[in-house]
Structure formats: C-alpha cells, structure tokens
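In the two complexes below, chain A is the common chain; its partner is chain B in one and chain C in the other.
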Partner chain A sequence: MTRAKGERSLSGWAFLAPYAVAVVLLIAVPALLNVGYAFTDHTGLTRDPQFVGLDNVRRLADDAFLADSLEASLFHVALSVPLRLLAAVGLGLLLAAPRPGGRWFRTAVYLPTVVPDVALAVLFLWVLNPLYGPLNQLLGLFGHPGYTWLSDPTTARVGVVLMLLFPIGEGFVVVLAARRLLDGRLYEAAALEGCGPFGQLRRITLPLLAPVLVLLAVRDTILTLQVNFVPAYVLTDGRPANATLYLPVYIFDQAFEFSGFAYAALITILLMLITAAIIAVQLLAVRRWRVLR
Partner chain B sequence: MTDGGGLRLTGLVKAYGPVRAVEGVDLDVPAGELVTVVGPSGSGKSTMLRLIAGLERPDAGMVAVGGQDLRDVPPHRRSVAMVFQDYALYPHLTVRENIMFGLRVRKVPKGEARRQAGAAAERLGIADLLDRYPDQASGGQRQRVALARALVRSPAVYLLDEPLVSLDAQLRLSTRADLLALHRQIGSTTLHVTHDQAEAMTMGDRVVVMDAGRIRQAGPPQEVYDAPADTFVAGFLGSPPMNLVPGGGVLGGAAGGTVGVRPEDLALDPAGPIEATVDAVETLGSEAVLLTRCPDGLRLAVRTPPRLSLRPGDTVRLRFDPDRLHRFDAAGRRV
Partner chain C sequence: MAGRFVLPALVAALFAAPLWFMLTGSLRPAGLPPPRTLELWPPEATLDAYRRLPELMPLFRYLANSAMVAAVAVPLTVLTAALTGFGVRLLPPSARRKAVVALVVVLLVPVTAVWATRFEVFRLAGVTDTIVPLLAPALLAVSPFLVLLYAWSFGGVPDSQLQSARLEGAGWLTVWRRVALPQVRPATLAVAVLAFTFHWANFIDPLLYLHSGDRYTFPLALRFLLLLNPTDWPLLMAGCVIATLPCVVVFLLAQRVLLSDDPLAALRRGRP
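Up next is the complex of A and B:
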C-alpha cells in the first residue's frame, strides 16, 4: 500500500523532471545569477567580475537615459494596456455570438498574432511612412495633413502602441471563450425584464467576465512592458529623443552595446519591480468590486 | 394584483429550420386559470412558452394577453413572467439583487425595490437568504428565488417551464403545494409545463397534452384521463399507461381500430376471460402492478392490491369492465 503510493509519487516526479530541470536551468539559475551580477562590474566580456556593492544602484539615481526610458515605458503601458484590452474585449464580445461570416472575422482578428513581430514591425514602417504610408493617406481623406509619425516623440510612441494593438489574438480568444461559457438564459431573463443590450453588457457580461478581465489586464501589463522591444528596435531604435527607449531596449543597449552587463542586470530587476508594483495597484483597485469573491 | 389577463393563442406556428417545433397551437386560458402542459421531450412545450414570452417570434399565429395582440410588443412590455427550468439566476448578484434586478432596470427607486424584493422573499419563505449568493442556496431555495423574481413583476401571466424538475421528490411535493397556494392567493393566469404525471393531474384546472408541436387534448385532468381523445393521450397520461390493444384482441374485436383499458380497470379473476402469464411484479407499497403477457404475445399491465404473492411465471386470469373500455378508430381517434 505505502510502497505503491511511494512508487506513484516517484513516477510523478519522473514526469515532472524534464520540465523542472528546464525551469531550473533556463530560468531560475539565470535569474539568480542576474541578481548576483547586478552588484558586480561584470561586462559580459571579462572572466571574473568583481563585487562592487551598491555602485550600480547609485548609478541608477542619476542616469538621465534611465529616466527617459522609465517615462517611455510607463507612457506605453498606460496607453497600450487599456487600448489592447478594449480591443480584445470589444472584438471578443462582438464576435462571440454566432453570425454569418463570424469565423472569418475571428480569424482576421487572430491573424496578426501569428505574424512574427519583426514582420509586423516592418509592415508598420510602411504603414507609418509619412509620405506614402496608408495611415497618413487615410488622415488625408479627412483633410488632415498627417504626422511625421516616427520622427516626432509623441507620435512615435503612439505608432508603437498602434502596432501593438494588432497582436491581441490571445486576449481575444480568452474573452471569446469566456463569453461563450456564460449562460444564454441569463440574457433571456434579462431581456424579459427589459434590460437592453447595453444594460446586459453592464449588468451581466462585464461583471461575470470581471475575473477574466483582471487576469488579462495583469497579463497584458507584464507582456506590454516587454514586447515593445521589437517594434522599438525595428521602427525607431529608441529614438526620437529617447521617446521609445523602453526599458527592454535600454537593457539590451546597456548589456550588449555598452557592455554594461551588470548595470543591465540591475535594470531588469527594476523592470520586474515596476511590473509587480503596477499589478499590485491593479489588484488593489479591483478589490472594491466583488470580482474575486 | 392581476389585471385580469386571460391568455389566447391562435394558430401559433414556429419552426427552427426544418424542425417544426410548434405547429398550429390554439389555446384559450381564462384569467386566473392554472393550466398544466405535458408532453414528451421535444413536443414544443418550451417553444410555446418562449413564443408567449416574446423570446421567439412566431412564424404565424397570434398571442394575446387580456385581449391585446402581442405581435409587436417586446418581451418586457408583455405582462408575462417566465421561470426557467434552470432558474437562470444571476450568479454575481445576491438573492435580493436578483429579485430586484427587473425593478432596478425599470428604474424603480432602490428603497422601493428593496422593499418589494423583501416582501416577495417573505412570501416565499426565503427572507433569510436575501444576502446570499445563488450558489449558496439549495436547489429548492433557488427555485423560490426564481419565483420571487417573477412575483415582483406582478404579471398577468406566469409561465413556469418545469420549475420543479430539479427538486427531489419530497421537496417537489411541498413546493408543489406552495405553488398551488400561491396561485390561489394571487390568482393569476399560469401555464405550468411539467413532465410529472402527478403534477399534471393534480395541479391544473386543466391539463394540455402536447405532441409534435400540436395540442392533442385539453381539458380538466379527470376528463382527459377518463376520456382520452386519441391513442397518444391514452398512452401518455397515466402510470403505468393505458393498455392499448390494436385490433381489440382479447378485449373484443374492433376491426382496424384499437381498444384500450386502464391497468386499474383490469382485475384478477379466476373466471376471467383473459389468460396471461406474469412477467414481473412491481410493488409500489400501497399497490402493485403486474406486468403480464397473453399467449398471443400481448402485454397487459394490471393494477392490483399489494402482497398477492404472485411470482413471474405464474398464470393468472383477468377480467375487464366492458364499460371502461376505450375504443379508437384506425386513425387513433376516440370513437
């Protein structure tokens, strides 16, 4: 009896082992090393880094580039997370109901998520081109002169957000699936009570989806703070005037261009702390609702 | 509370693609009457209720409440409340908020809505549940919440779609009594769909038997039981159902037609004209049902007193009351 039990749990561990080994070797160990490196003068080139105490931390305080980078990242999260959520939730709810051609629309919404982000970024180089890009031409239709998208700090940031509004397939699918799990009877009962489409959205759909929405917001915050690396690199390379020098870009620059391996390691820790702080604020904010009852 | 709204259905038709769910239903329910609707699964009972509630548009025909044609009246403007089989309570709202939902949608002030919800809950004996969530209430309690939600609308017509089906037998019995008492109190027109023979027979002023989207018979329960309009109704109402003998057979010839006899109208009698072998004995406590088989293969159910100590394989003789035979023509209609 106990023997069989022991064997069972042993085989459980055996199944877990490949995954556990990979997690330890590829994530846990590098993460720990990263914390260690943050307090050295490691350049990524030298063999034996020296411990330098809090030197790197002091350097953070008066790093003007870091301040720019932080501002760029926060601007990006503040704009991109709500917009991406809005798009994913809006499209998910609109396309959840069975309607003719629905599957084509759903495929269309998911498609940009399958496109490699470098390819999407290259596409957006064209979309945002001030001379022949379709976006400015579209604005032209409304008599607007258009923007020099990527050479102006604010529009460059907006351009990156615009591009990242397209790969929202995962959130979209989650909303779609969650909405389809909601009981259709609730909506019939509501209709009988005179609750129209917007009332149903406000009184039924959103409250019932709230746990999913919170999850998506948290996940998108984590994601959004990191995935702007590729568009920034392809579209702007951190320019203009550091407007798109997002934290991942700055970390990369420090680590691999300026050989500031140790300093970059420290900024990754900072990025993690910022992510955690934003998520904490989000969770505190939604505690008022009963969503996580 | 009711404003005397009788219900009238005329030539109601509804098809879902090739499936003809409701095929020409005519029904007249005077104000205050409680009608039970029975029929096999898929016979269109729910669809009929949904047409009345306005959740579906009829392909043809008319629904009228209190003499008013409801063709272009949206569901919430019909004085009709529906209780779904699975209750459809809002899981994210407390019982009180569930009951208040419609009132709040209709902009009834919060205090007034709370008062009405409290009163409805009081009436149904769920006042102590008001601050719980539906998933913290039992099946029977949820059923009452759904009823309370219908009650606060004080509609002219209640549509109850198998509201007791997920309750256990005990609770079903007591809730049935409560429902009846409630109906007597508020006296509003009620359509009560059920699968349960006992509910169909005991609850309604009238019972409506449906099959394949049509009403086969409507009338006072005892009348329908005593004089089923066709072989379908004969075979559907009653448990065990009426014995139907095509051609008459041992019950006396009926060329081309069918002769039926209720199990209680057959009796054991050593001098009886029918010989049969006992296949099985179903003991129900206060009575027993013998499932027998005649030499020609015909099966007859017989209701008997309990404790007869008959065993499968025993041979018995049966007598029937010629006055209690039901005769049906070749098309299955009562003659």
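Up next is the complex of A and C:
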C-alpha cells in the first residue's frame, strides 16, 4: 500500500514537472538575469554587454524622470488599491446571495474585465474626452462644467484610477466563492442574538474572510504597481508632464525605446523592492489590526 | 426589495455603461458635432464605421492572426493547467498544501519583472517575430489561478475511482484523460474561456515580439489605428467593439459556471 502511495505521489510530481520547468525557464531565469544585466552597459541592441560596476546605481540618484515615475506609481497605488479592493469586496458581498437573475447582475459587474486592455484604454480615451466624452456630459447633468481629463496631470492620474476601477473581476469572483464557504448557521445564530446586517458584516463576514482579503490586497498591490502598463501606455503614454509615467512604462521606455536595457533591469529590481516593502507594511498593519481587536 | 434588487441593478448598470458607450460611440456618424447632453443613443445611428474599418487596414488579416494564436495557445493553456492541476490532486495532502502555496507565490510574481530579460532569452534563441514567444504564457497556464481552479475541481473526483482505474492497469495519463477530465467539464470550460480572453487580448507580448506588420494581432492593430486616426471616434470604437465582442460572447458561455450562486460547487459538477 505504501509503495502504491509513493508511486502515486511520484506521478503527481511528474505531472507538475512541465509546469515547473516553464516557471524556471520563463520566470526564474529571466528574473535572475535582471540582477546580472543591472551591472552592465547592455543596450539591448548588441550581444556583448560589459561589466560597469555601480554606474547604473549612480545614475538612479540624479534621474529626474525616475523621481517623477516613482511619484506617479505611489500616487496610483495609494488611490487605486483601496478603491479596487473596496469595489471587489463590496460588490462580491452585495451580489453573493442567491436571488432571481443574480447571475446576470454578477455578469454585468464582470464584463469590463473581459474587455481587452487596449480596447479598454481606447474606450476611456473616448469616455474621458472633454468635448465628446460621456463622463463630462454626465457631470453636465449635475451642472458641473467637467474636466479636461487627460491634459491635466492630476485629473489624468485620477482618470487612470477610474479606468482601472472597472476590471476587478478576478477579485470579485474570489470574494463570491469565499463568501459561499462561510457557514450559514453562524449568521442564523447572530440574527437570533439580535445582530443586524452591519454587525454580521463586521463580526462574522469580514473577520472570517480576512485571509482572503489579505491575499487579494497583496495581489492587487502587485497588479496595480506592475501590470497597469498596457492601459497607461495606450491611454496617456506617460503624459502629461510625466504624470502617468508609471514605473512599468518607464522600464519599457528604457528597455525598448531608449536602449537602456541594463538600466531598465536595475529599475525592475528597484520596483520589486518597492513592491516588497509595500506588501511588508500591509502585512504588518494587518497583524497590528488583529492584535488590537 | 430595495436592497435586493435596486442597488444590484444600479451597480450592474454602472459596470455595463462603458460597454454601452463603446457600442453607441461606434454607431455615431463621423464628423457629428459633440452632443449637448448625455447621449444614450446617437442620432442617425449608422454602421458606417464598420464599413470603413476594413478599407483602412487589413482587418481580416489581423483577426485571422489573432484567431491563429488563440487556436494554438488556448488548448495549450488548458492542457498545461489540467495536467498541473491533476498533479496537485495526486500529491499526498501535506505535499499538496506546499504545491498550492508555491502556486500562490507564482501568482504574486509580476510580469514586468521578467519582460526585458525574457525578451533577451527569446532574442538569443532567435524566435522573435514568430508566434513562439506568444505561446510562453500558455506554457505557464496563463496564471496559476487557472491551475488552482483545476486542482480544486479534481479534488471532487473520489480517490476510490482513481485507485480502481489504476488497479485495472490504466496509466495515470489514462486515468487523467478517461476518469478525471470528464468529471470536471465545467472547469475545463471556465479555464478555456479565461484562457481565450487572455490570449485574444494579449497586447504586451505581440508589442514586444512582433515586428512585421503582416503578423500583427488585432490588439496591436487597434493601437496602430489609434496612432493613425487619433480623433476618428466612431472608427476607434468600432475597432474596440470588434476586439471586445469575441471575449464577451465567449465569457457568456462560462458565466453559468464562474458566476453561479455557488461557483465552487459548479466547477465540480460533472456536466456544465
């Protein structure tokens, strides 16, 4: 019997092997190569990078574009992650309960997620257009004159945040599924104790979902910091005045437009460190919050 | 009543609104002055933009390229996710937990971290400007999320069935194909649909790797349409509708599983 079990577990690993090889070749090796390239003068055009020591690190210090880029990314994360999380969790909990037509409400919420990135960006160029765009017209209904969204640094950043509030489907589905796993009897007991819907939310739902919420927050921080490239690249391409030159956009520019491949590798490492730092702060805050309760 | 239907309906309308404006934007006649107030349906709606699109660019070539990538990449993604997910299922519980944690860690690795250097790997291998780099995400099952989806679904296949098939002398690959896969059809549907929406929409990889215009996929073509006609809104919105429509249609097939009242149970149900 144990032999059969050992054989089965071995087969399990064999099934996992192709995926593991792909992870090593397509993720681990390139990630390590970043470290190697960061200390060379590689331009991405030739094949013989030379070791240049800390030259690229020195360049970081007086790169005004990098400072702009950092500011843009941090602004975006600070605004976008809480809003996206609030939307995904709020809508997930609102729409989880079975109701006639419930699936169609959920489908409507999920639909913007299946819109291809480029189409979403082009669509928002239209939505945010000061003259033709539906958003300014909507504001007009309330007597507001509207904004010149993408021409002004602050509103351009807000515009990108607004656009990325729509594709929240992944977190939304995870919340839907996690909510179904909670025991219904807990809610019945709470209701008997005279605990209203908000009390149930605060005392049962949110604490029990906490691990899922933390995972979603961490994942969304990473997505928001690093994967907002396509929409931002197509929507504003870093303009106006570098207000939306998020780090991934700057990395792309350096690596593939300015022949600064090695420098881009270094900024990639910097971005990873910043991401790790933000996540560490989040995890610490969660621990603190749990102790306080 | 208000809480059960009115608020959900408002939310649904809010999220459907951008798609509605995409559609109505594509139906506006070109050169119409800006609307004075919120325009829910354009005056003199016309399909003119859809007629002009193939005249301005080789639309069908790009669509065919995209379809070709999807036709190869989607089955490859499903295969990778299903094999890996079954591997997780076969592991003893303690090892299974470790594998799931490892998958979650991979979920947290950002794509940007490996863009430039992955490009270098493919350049050295001499396969840039071919379909090969576009298949790389498929070998990673697009996202560990899809592997976890399969791992969960295979968890519903009883051990006794796996063992008895094995005792009858079937290899694990046969067990996977004959016993396990038929029981998780909803999961296969969901994974295939999510894989399609990813590969059809993939923009970064074609942008990095494709140089010849005749190999462009449609998302790349849409960006060039934007660069060439930055203010022809009906035309651009028509392009967006064409890019979005296949994803919406395909997703509507999977919403029965992914967005049902109990998605985790729906994934394990034998028939979609």
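The definition used in the following text is that the second predicted complex is superposed on the first by the 274 of 293 C-alpha atoms of A that agree within 3 Å, B and C clash if a C-alpha of one lies under 4 Å from a C-alpha of the other, contacts with A are read in each partner's own complex, and residues count from 1 in each chain.
Basically, a contact is a pair of C-beta atoms (placed from the backbone, for glycine too) under 8 Å apart; a residue touches a chain by one contact, two chains touch by 3 or more.
No experiment lies behind these values; they were computed from the predicted model shown.
Once both complexes are superposed on chain A, the partners chain B and chain C fit side by side without clashing.
With both structures placed on the common chain, the touch criterion links A:A190 to chain B but leaves chain C unconnected. Touch criterion not met for A:P82: it reaches neither chain B nor chain C. Touch criterion met: A:G199 reaches chain B, while chain C stays clear of it.
Taking Cα centres throughout, chain A sits at the apex of an angle toward chain B and chain C that amounts to 80 degrees, reported as a multiple of 10.
Look at A:V127: by the touch rule set out above, it reaches chain C but stays clear of chain B.
The partner that reaches more residues of chain A, of the two candidates chain B and chain C, is C. Contact with chain B, but none with chain C, is seen for A:L208 once the two complexes are overlaid on the shared chain.
The overlay of the two complexes leaves chain B and chain C separated by a minimum Cα distance of 16 Å. Once both structures are placed on chain A, no chain A residue is touched by chain B and, in the other complex, by chain C.
Contact residues of chain A toward chain C in the complex are 4-5, 8-9, 11-19, 22-23, 25-27, 29-31, 33-34, 37, 44, 47, 91, 94-95, 97-99, 102-112, 114-120, 122-127, 129, 131-132, 134, 137-138, 140-141, 166, 170, 173, 176-177, 180-181, 215, 218-219, 222-223, 225-227, 229-230, 234, 247-248, 251-252, 255-256, 261, 264-265, 268, 271-272, 275. Interface of chain A with chain B (complex): residues 183, 185-186, 188-195, 199, 203-204, 207-208, 290, 293. Chain C contributes residues 4-5, 7-9, 11-13, 15-19, 21-22, 25, 34-35, 37-39, 80, 83-84, 86-92, 95, 99, 104, 106-121, 124, 136, 139-141, 145, 147, 166, 172, 176, 197, 200-201, 203-204, 208, 219-220, 222-223, 226, 233, 236-237, 239-240, 243-244, 247-248, 250-252, 255-256, 258-265 to its touches with chain A in the complex. Taken in their complex, chain B has these residues touching chain A: 53-55, 74-77, 80-82, 84, 86, 88, 90-92, 101-102, 105-106, 133, 149, 153.
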